[in-house]
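Structures given as structure tokens follow.
Here subunit A shows up in two complexes: once beside subunit B, once beside subunit C.
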Partner chain A sequence: MSWADLATIAPLAAAILVAGLVILTDIALPGRRVPALAVSFIGLAVVAGLAIAVGVHPATAFGGAYRVDDLTTYLDLLFVAVIALTLMFAPDYLAARDLPLPEFAAVLIFALSGVMLISASADLVILFLGLELMVLPGYLLAGFAKRDALSTEGAIKYFLLGSFSSAIFLFGLAFVWGLTGTTRIDGVAAALKAIAGGSTPLSPGLAMGLAFLTTGVAFKIAAVPFHYWTPDAYQGSPTPVTGYLSVVPKIGAFALILRLFVGALGPLSADWDIIIVLLAAATMTLGNLVALTQDSVKRMLAYSSIAHTGYMLIGLAAWSSPNSRIEGLEGLLYYGAAYAFMNLGAFAVIAALQRRTGISSQLETFAGLGRREPLLAALMTLFLLSLTGIPPTAGFFAKAYIILAAVQAGGPAGILAVIAVLNAAVAAFYYLRVVVYMFMRDPRGEPAPLVVGRLMRSGLIVTAVLTVLLGLVPGLLLPIVGNAARALTL
Partner chain B sequence: MAIPDALPFINLAWGDLLFLILSAVLVGSALLVVTLRDIIRCGLAMMVCFAALAGLYVLIGAPLVAAAQVLVYIGAISVLVLFAIMLTQTKAAPARLVFQTQALPAAIAAAILAFLIALTVGATNWNAVSAPIRTGTAILARVLFDQFVLPFEIVSVLLLAAVIGGIFLAKREQDGPA
Partner chain C sequence: MTGIWYIVGFAVAGVSFVFLTIGAAWLISHRNRGDLHKGLPYESGIDTFGDTHGRFGLSFYIYALLFVAFDIEVIFIYLWAIAFRSLLLGGFVSMLLFVGILLLGLAYAWRKGVLTWR
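Coming up: the complex of A and B.
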């Protein structure tokens, strides 16, 4: 380890330090929310600054095990933004339920260090450790409301299935290591290129390894048919946690897919692309069809997040065709950012409505919201329109890029484009049903007036602005996304 | 009289025989962990499982890992698990474990998967795997703190995050039991 190595991992080290500092702040000033929150926000700003500073000069550290490139910087900044927004949405909700904020913030920032590790890893061991560091805090956060039976149930389901899928994933890594003899992503890619170049079919061991790896990541991104944990974990978790769980672990797992499937297993893409196409088609269709039948908005958004996994997988399927390598990745990365902000926003509105305890996330809760809370209703409408994919929102451009990339790819990915358009039409029904409830139904009884805290309000406005901005001026993000995609393809 | 290199008649090397015995114990005790209905016996079967795994580590030439396995898993974790079971058992909770009704389909699926894995592993030419190398502490330490220093440090961060989470979940609230 040298000073240069330390400088390269500075953003990661800073994130870990901030998590520790938040805990220390809580020890020094027990039970106070503001100092812990202040340390978190300042710390996150420092992490973001370091990520930008280090990202200017792509570098590797620790003998090539850790690599900072444009993709790392893009993902790091996206994750810091999402964690900061989650910390803006959570305090009111947690305070109303007597749940501690410092532990919440610290654990959230530990998860941030996990995803940052994934986005910078050039070694399979580090990739796996990053994955574990990302999901482990998720299990705790899902069960954060420990007196709530639903929260505990969801957390246990998430924990068990998450651990199993991690074990399956690790088994797959062992197969790949056994056949290539190296854990470095470059080395694996070079070894596999030699195998893929020959005329011999895939060896059974490698095929098995690929199957295990695909199963493992499919669990993490909640792709059908590996999605069974998702609705329960999302519905049971405290609402700000649900927003976090639907964004960070999912996009983090996509970062892992980019590093592993595109980076290391890329030479074998002819062998795995058809599986990705099938997963994408099943995930979009089933996610949307089941979402249609949900009465709880939280559960509906859980199924909708499964459907969005399917849309993002289209980008990966498009990558595996030589016609649209960059376009597919660009679409996937743009979709990741758009999905992060609009989905986080939608869950934040539910969290704002549930500021007082005992308010369910049933559709009834939203009846007449347009008259009671015009601002919240307008924001919710914006996020839902964006999730539907209606211009001029982020969701529209994200879907457009993904579908264009799929059309350009042609072949099986081209069929996915058709399925995606049909699915978007189906999805409009259940998203817009919430809008109909907000503006055209009268509430039963007289619900108590709502107080939206200042932090929550500013967080909502930031997400809304980003959702509109990514839709109106996609040119802001496109060059960054393009550089990130090219960093991976080089 | 010298001991022959391989087992007489069936021509099985001693190492392979040991491997078969240890693996049988490992799989058998692991099955007991998930099928026994008394949770204390499950814990004891888990210790046997860990011990067999330590034996396998010795067999493939990693005595240090085996020692750590014995010290950490059998010495610390198993004892901790047994204590945790004894301290948290209440009269209200069922003493016997309840089983799912899906045990048979799960068993069939597991058997098919095991068969598939055995088939693939047997049919693959693992050319990247060399003969087992006996690794001493010095080499291991050099690799661990040079080539793998980042993963090593990350594991400690992972444990810290897990400890903070575990303490939060186990902590009793001020206003009554959690």
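Coming up: the complex of A and C.
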């Protein structure tokens, strides 16, 4: 380990140190929320600054196991932004339920270090390490409301299925390592190139390894038919945690898919692309159809996040066709950013509504919101319009771009474009149903007035501004996304 | 892909092992479900009295959890100690960092009152 190595991993090390500092703050000043929150925000700013500083020069560290390229920097900054926003949405909700904030912040920042490790890995074992570091805090956060039975139930389901899927993933990884002789992503790609070139036959062990890897990863992104943990885990978790879970582990798992499938298993893309096409089609369709039947807005958004996973998989399917390699990846990465902000915003509005305990996330809570809380209703409408994909929001441009990539790909991926458009039309029903409830229904009873805290309000405004900005001026993010996509295919 | 039959054979063997075991147990005993007395815990032949559910204090669980974490730490420290001479200063600093992170965990547990016996 040299000084150059340490300099390269500086953002990751800083994230871990910040989490440790938050714990120290909690030890030194127990029961105080503001110091821990201040340390977290300052620490996140430092991590972001380091990520930009290190990202200027692509480099590798630790003998080629850790690598920093444009993809790493883009993902690091996206995750830091999402974690910072989650920390802005959480305090009011947690305070009302007497849940500790410093531990919440520390666990969240440990999860950040996990996703940063995934986005910077060049070795399959480091990828797995990052994956575990990302999901273990998630299990903890899902069960954060210890005395709430629903939260514990969701956490157990998430934990059991997540652990199983990590084990399955590792099993597949072991096969790939055993049959290619290396765990370095470049090494695996080189060995597989020989197989794809026809000089070595595809051994059944490798095919099985591929199957296990795909299964393990599909659990993490909640692709159908591996999505069964999602609705219960999302509905049971405290709402800010649901917002976090629907974004960070999902995009982190997509980062894993990019490093693994595009980086390591890329040469075999002719073998796995049909599976990705089928997964995408099934995920989109089932997610949207089941969301139609949901009463609870949190559960509906959980199923809708499954559907969005399907849309993002279209980007990966588009990559495997040589016509649209870069467009597919760009579409996926842009969709990741747009989805992050709009989904986080939607859950943040629900968290704001649930500031007092005992308020459920059923549709009735939203009845008449347009008159009672115009700002929250307007923000929720913006986020729902973005989720539907109506211009000029981020969701519209993201969907448009990914459908364009699918059309450009042709073949089976082209059919995905048709399925995506049909699904977007179906999804409009359940998103706009909430808007109808907010503006065209009268509230039952006389709900007490709500006070939205300053931090929550500024967080919501930032998210809303980003959602509109990414839709009106996509040119702000597109070059960065393009560089990230190109860095991956090098 | 001629080697596929090995994998198919392995899968069939694994699945059939489970079904054979459960099936054999079912075959032998599905008709005799036993009565109330067959299911009672053994207490040297007399009828049970009192609640047979044992209860344990939570503190045992917490100590066991902390023990597992620190025991795994000891495993790594042992391996480091064996290779200490060739690892020089870099290895020492890395191990210091590792133990430091775990000490932070211990300090946190201590401060939160987890170590007091209840």
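Structure notes:
Everything below uses one rule, namely that the second predicted complex is superposed on the first by the 487 of 490 C-alpha atoms of A that agree within 3 Å, B and C clash if a C-alpha of one lies under 4 Å from a C-alpha of the other, contacts with A are read in each partner's own complex, and residues count from 1 in each chain.
In the analysis below, a residue touches a chain if its C-beta (ideal position, glycine included) is under 8 Å from a C-beta of that chain, and two chains touch if they have at least 3 such contacts.
Since the model is a prediction, treat every value here as computed from it, not as a measurement.
After superposition onto subunit A, the modelled positions of subunit B and subunit C overlap sterically. By the touch criterion defined above, A:181 reaches subunit B but does not reach subunit C.
Here subunit B and subunit C are compared by how many residues of subunit A each touches, and B touches more.
When the two structures are aligned on the shared chain, A:9 is found in touch with subunit B, with no touch to subunit C. Contact with subunit C, but none with subunit B, is seen for A:202 once the two complexes are overlaid on the shared chain. By the touch criterion defined above, A:66 reaches subunit B but does not reach subunit C.
Contacts of A:107 after superposition on the shared chain: subunit B is touched, whereas subunit C is not.
Contacts of A:27 after superposition on the shared chain: subunit C is touched, whereas subunit B is not.
Shared interface residues of subunit A, touching subunit B in one complex and subunit C in the other, are 1, 16, 20, 23, 203-205, 207-208. The part of subunit A that touches subunit B in the complex is made up of residues 1, 9, 16, 19-20, 23, 61-63, 65-66, 100, 103, 106-107, 110-111, 113, 117, 123, 125-126, 129-130, 132-133, 136-137, 139-140, 143, 146-147, 177-182, 191, 203-208.
Residues of subunit B that touch subunit A in their complex: 116-117, 119-121, 123-129, 147-151, 154-155, 157-158, 160-162, 164-165, 168-169, 173, 178. Of all residues in subunit C, only 1, 3-4, 6-7, 90, 94, 101, 104, 107-108, 111 touch subunit A in the complex they form. Residue ranges on subunit A touching subunit C, taken from their complex, read 1, 16, 20, 23-24, 26-27, 30, 201-205, 207-208.
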